[in-house]
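Below: a set of structures, written as structure tokens.
You will see two complexes here that share chain A, one where it goes with chain B and one where it goes with chain C.
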Partner chain A sequence: MKSFRIILIVLLSYLFIGSVYASEGKGLEIATEVDVRDRGFGDTTSTMTMTLFDQYGNSTSRKIRNRTLEGTDEGDLSLVIFDTPADVKGTAFLSHTKKSGSDDQWLYLPALKRVKRIASSNQAGPFMGSEFAYEDISSQELEKYTYKYLRNEDYQGLDCFVLEYDPIDRKSGYSKQIVWIDTNEYRSHKIEFYDRKESLLKTLVYKNYSKYIGKFWRADVFEMENHQTGKKTILEFDDWKFQTGLSAKDFNKKSLKKVR
Partner chain B sequence: MTLTNSSYGETLLNNRLVAIIFLLLLTVGMSFGAKNLYFDNDYRAFFGKTNPQLDAFERLQKTYTKIDNVQFAVEPKPGSNASSVQILSAIEELTELAWQIPYSLRVDSISNYQHTEVDKDDLLVEDLYEFAEELDEQKLEAIRKIISTEPSIIGRIHDPKHRSTAVTATVQLPGKDPMEVVEVVEASRLLKETIERNHDVKLRLGGIAVFNNAFLEASQNDMMTLMPAMYLVILVVTYLMIRSIYATAMVVLIIVPSITFAMGFGGWIGVGLTPPSASAPTVITTLAVADSIHFLVTMFQRMKAGHSQRDSIIYSLSVNGKPIFLTSITTAVGFLSLNFSDSPPFHDLGNITAAGVMAAWLFSVMLLPILMSFVTVKPRETLGFLNNYMGKMGEFISSKYKAVLLVSIFISVLVTAAITRNEINDDFLKYFDEDITFRADTDWISQNLTGLNQIQFDMQSKKPNGISDPVFLNKLERFANWARNHEVVTNVQSITDVFKRLNRDLNGGDVEFYRIPENRELSAQYLLLYELSLPFGLDLNNQIDIDKSSTQVIVTIDDLTTNQIKAWISEAETFLENELGMDTVAAGPTVMFSYIAERNIQGMLWGTLYAVLIISGIILIALKDVRLGLLSLVPNVLPAALAFGVWGLFVGQVNMAVAVVTGMALGVIVDDSVHFLTKYQLARKNDNLSAEKAVVSAFSGVGTALLVTTIILVAGFAILAQSSFGLNSAMASLTAIALFMALVADLTILPALLILLDRKINKSNASDNVVTA
Partner chain C sequence: MGYFARISCVWLLLAIQVKAETSGSLEITGSYFPKSLGASFDTNITAEAKVIGYEELDDFQLEYEIIIRKSLNDNGKDIIEPRQLFLSKTFGDIDVYLGYRHTFWGVAESRNVVDLINQQDLAAGISADNKLGAPSISIETYLGSGELQYWYIPRFRERTFNDANAHPGFGMSVSPSQFAHVKGSKARDQALRYANSIGDIDYALSIFDGTAREPLFIVQELDPPTIAPYYERMRSVGLELQYTGESILYKFEGLMGTQSGKDFDAVVLGTEKTVYSVFETQWDMGVLFEYQYDDRAQALIDRMIVSGVRLTANDEFDTNFLVLYTVDDAFSQSLFGLEVSRRLRNGMTLDINYLLYQSDRQNLPFYSLVDDSELSLTLGYYF
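The block that comes next holds the complex of A and B.
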């Protein structure tokens, strides 16, 4: 009788462990599919207006241009050029996303006429004082998280996978992210960010998806709300262009100084 | 009148059941309000909605991150110091774990201090250290140098002499539930224990969150210790005077529903319990017992004279009905004057107590007689023997009235002159007794690490992105330097330190460049670079607003008295205006508490005037004699002045709570003079006695009762004076002194004045008396 009980427990625990493996496997599968569907975009350019709101509705805006080149072996390369406010006009931020470890980052300071490498492993701080951390908007490499499939759920009329992303970088500001991905097109619609004490910190909602060159989906509006401070940041993208002919030489340290 | 009152007693005793049901329904109905009561554990509760300093502070908090925080300060073991590897390692773990505190937004310490280092064109921004135990001596030396010199660290999170070092966790409470603070403090205490166990160090807890929690602990402490003490004293004193266990038990049966009624009322009007409002039950107990004593003493005296218990109850109601009602009304009016205070917890104390006093009146004249009619008590000698002494004292006073008057005027002038010796000091951390851990810990922190008074200055450039403007930054720098030149300033947190540091580091570490960057583009771009390098939670939102138009400078200053702080603030504001042309005003809890006494006193001047006018009006109506009414002002107003004088002589430091004492005490004090004057008037009019004889008659008639009720009241307030919360104890001590002074004045100056004035006016009358005698 006793041994029967032990066998039962062992069997049940296998079942349990098995289901965890299953959910991890399925999570990775979905995340991989998201990644695969976006492969081959080549390069993109866009303009962006970033609007910061405090909890009382006061707001301030800044304008930025983005250029991204799809990575081959390593992650994507991206360039951010600041147009306003006037005192940072011409400042350019270059990053080379890494599949593991910290990304490489450089900043060109026109007032100093120098390129500075940001040799920091901190990538969880706010980007330009906004509610977005660098890690929220940098290219989402598959290797940066482990994945867990949680459930399927309806989100605004779309059937969605709900996934948990657990960051690998121990300097990440998050304990986990919960991501809603629609089952049709594998686009992210909503991300909940949980802080280190596992309380809900922020929610990011993607709005107004459009399909470009018949294949690639891009959202025009990113809305990030901080639940703990009541602050909000909205990113509005415009003028998406794909495959404009950018190459790796447009994304190196030297090219930074000449960026217009 | 006697007839209506005695028929009231008859009617009451004939309809006992109806009366009990009525009182029961009333009390139960009111008591449902108690479910709305909650502990308000936010120091901001002490500031009214229209308080300008609160308003300035709230505007500041809307712009920058709140500064509600928990501070963990390390106390090194004797012989070691706060830069030892052991403590560095404890700080590292504590910093990591502090992120787990509920509602935490950021954590600051020397271990996660964002140190910048430059290697050619690489800018490295990272934690000052990691894995403390593996650091070599050279690294440790470098770290020790930074933590004892860096202006944004020293005197804030680390003592330059390594006497202490701290981890500060900033929390943002959603404000939905008063238990949030408790959650934060409980988690912090657990964390403190964990670190103390793992690293063999001693930690002390400070910060605004712990401060807020101390209010709750003080309220609960008071309720746990003072209330039982109060009941004990009441039971003993009542028993000693009445010598009847039944009657003593009945008094408790009056107090309990009075308090229930009052606290229920508080719940209905939406009161949050703070130490002052939580002391209301103690105050009500004191006042309620006085009403019952009056009724019981008369009843027993009447029984002793051979009347039946029922007749004695009816008689006691008829004699005491009017005075008990009058004194209750005046007491309630006195307490209602607290609504003029600038500080809402005192409104609550006033309103709850006023409700409780009126409930006590109702229960004393309805429930107590009924309860006494259910039991059989033996007639007893109450305190009759005292009446003889009182009569003798009356004779002495009336024979020596001139001397009495001269001596009392002399003493009064002397004592009241000492009022000016009182200095207002609202050092809010000292509101708590040394036996509350928060107080001991913050005292230690202020001696070994950092001052506890933070004064915030919202420096506005008034232009978007204006903080990068070198003209503005140089103004900031001048102000920061000006502040640092003061001995009392332990730390100045200014964004200019970041700019100077970046300017130096981005120019190859050249110390020549440790200055404000020369143009705004440089500053703006440095800032952008720096912001991109910061880790989670350590952003600049607590120093810069969202459109980068303003920044706050936080000045930490040592323990100072309120007047010294106010002087420093006005010096700073003058410097900002005259030297820098900025209209910035100081803000923060320290500033709020520095001005609260002043505002409270202004408010209470009106409140006291209102109380004096209404209460005098009531006395005039009751006595139907303008002259006596005006005369009563002397023994009613003088005691508070004397109490402040005595306080000035022996203590000398007052806080905002003392402003409410005059109005509040007046309502209680006045009872004695009402009793005395009523008796005097009766003796003059009904018995046609001379002023001297009427005084003696008043002494033997009410002297004992005045003595006894004063003893009870003084005892009650003396117990409240033991409160671990400074505002309660100061208020109660002063009230107790004022009550004692009132008794003295009513038995000396009042009779002496009566004889002096009435003797002349009624000369013909008096000579008639002499002839007939």
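The block that comes next holds the complex of A and C.
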């Protein structure tokens, strides 16, 4: 009888471990499909209005332009140019995303005509005083997380996979992210960010998806709410353009100085 | 009005004609000098307007950054300055620039010994960030993955100085500059720089042949005595290195060369460590430490140690604090600096600056600067 129990426990353990492997496998499969479906976009440009709301509802906004070049061997290259507030007009942020390890980042300060290489371990820090951390806005490389499939769930009338993303980099500000991805088009609709103490920190909601050049989905509105401070940041994207002919030369230190 | 100034005016008029996309700022600075001596003023107000523009013309791009500054008590600060006013054109991978340009070379924070293209606008303040445009023809291109620049500067820009009784002032008027080169301010400068990066290391190599940016001073025994800046000729090689770690930076800037036949070395070694989210807040804290060495005759002090703390709030107002303490290697003379900057609302900024010079003994260079300790408040409006 005792040995039967042991065999049962062993069998159950195998089943349990097996199901965990299965959920990890399925999680990675879904995340890979999300990644695969967005491959081949080449490059994009867009403009963005970032509106910061404090806990009392007071708001201030800034205008930003984005340029992204899809990476081949390494991660994507991205350039962010600030148009307002007027005192930082022309400031530009260049990032070469790495699939593993720290990204390479440079900042251009137009008043000094100075390009500064900056330390990039600040991924958990706030971007431009907003509720978005650097790691939220940087390119989402598949290799940066491990994935766990949790369940299927209806979200605003769409059947969604619910996945847990666990950041590999211990400098990430999050213990985990819970991500809602629709089963039809593999678009992210909601992300819950949990802080290092496993408490719910922020929720990001993507709104108004449009399909570009017949294939690539982009949301026009990102709403990030911080549950611990009551602050909120809304990003409104406009003027998405794909395959505009940008090349790696538009994403180096020299190009940073010539940015318009 | 000089030749280049006339050209500047023509270009400025041209810029206005073509209704270039413009932005700019207006800053009002109120200064208080708590240790001011009787011969000087103890308060001052300075206004500075800056107009920045860019326009695509048929064959060229036009870019300008014009500064107009007027001070209540210090005429030395008054200026109409084309910090940038140039035409540029791109031929394939080669960019050619003609006109007044502003650039930056270097990696260090407290001093940039390799930053030789622009003359310093010293009357604007002690920060080397205040520069005069270099009247030049410059070419920039790629060399492999690196960047190559060549500069030809046919005219020398003299350093600006405050009035004799201003802060800091010489206590005597400045007479016309003297030059080691027979052609004086018409002696040409040339410079070349190659910059690239390998992994976590950014590096640059440069050579310079021209008139030294920092003058020596010759007292002219007239009645009353005056002081004349004397500019030597300089040939130098510069090296910049920066290693960027995950939260630490290591920096090296070195310049070696000859100045009027005499060898010199100038070096800045530094490190900056950033601690993110200090005490679980949104604030970042950077701690920096730099060592400066300069054996040129122009250097006030040969060896200086700079330590500092930078606090960044990461808030929507971009609130920043910077405390810098600069001291000579004998710890007998020092400069304490505090900078606070914050955006008040979109388009308006507030900067508070405090400078305190201290010196143990009368015969030290900083002793004469003690009365120039300054508290200033700048309100900026950006458009």
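To be clear about the criterion, the second predicted complex is superposed on the first by the 259 of 260 C-alpha atoms of A that agree within 3 Å, B and C clash if a C-alpha of one lies under 4 Å from a C-alpha of the other, contacts with A are read in each partner's own complex, and residues count from 1 in each chain.
The criterion applied here is as follows: contacts are C-beta pairs under 8 Å (C-beta built on N, C-alpha and C of every residue); 3 or more make two chains touch, one makes a residue touch a chain.
Since this is a predicted model, take the numbers as computed values, not measurements.
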Quick one: chain B and chain C on chain A, clash or fit? clash
Just to be sure I read the superposition right, which of the two partners does A:T183 touch: chain B = first, chain C = second, or both, or neither? neither
After superposition on the shared chain, which partner residues are touched by A:F82: those of chain B (first), chain C (second), both, or neither? first
First (chain B), second (chain C), both or neither: which does A:S210 touch? neither
Is A:K254 touching the first partner chain B, the second partner chain C, both, or neither of them? second
Quick one: is A:S100 in contact with chain B, with chain C, with both, or with neither? Answer first, second, both or neither. neither
After the superposition on A, what does A:K113 contact: first (chain B), second (chain C), both or neither? second
Once the two complexes are aligned on chain A, which partner has more residues of chain A within touching range, chain B or chain C? B
Is A:Q228 touching anything from chain B or chain C once the two structures are fitted on A? First, second, both or neither. first
Could you look at A:T32 and tell me whether it touches chain B, chain C, both or neither (first, second, both, neither)? neither
Applying the document's definition of touch, where does A:Q55 land relative to chain B and chain C: first, second, both, or neither? first
Hey, which part of chain B ends up inside chain C in the overlay, 7-15, 115-123 or 619-627? 115-123
Which chain A residues contact chain B in one complex and chain C in the other? 52, 54, 60, 85-88, 111-112, 114-115, 117-122, 124-126, 128-129, 171, 173
Flag every residue of chain B that touches chain A in the complex, lowest number first. 62-63, 65, 99-105, 119, 121-126, 172, 464-465, 468, 506, 519-526, 528-529, 531-541, 544-548
Once bound in the complex, which stretches of chain A touch chain C? 52, 54, 60-62, 84-89, 102, 104, 111-115, 117-122, 124-126, 128-130, 171, 173, 249, 252-254, 258, 260
What residues of chain A sit close enough to touch chain B in their complex? 52-56, 58-60, 82, 85-88, 91, 93, 105, 107, 109-112, 114-122, 124-129, 133-134, 171-173, 195-197, 199, 228-229, 231
So in the complex, which bits of chain C are touching chain A? 23, 25, 54, 95, 102-104, 129, 140, 142, 145, 147, 195, 197, 202, 242, 244-249, 274, 276-277, 282, 284, 313-318, 343, 345-347, 349, 380, 382-383
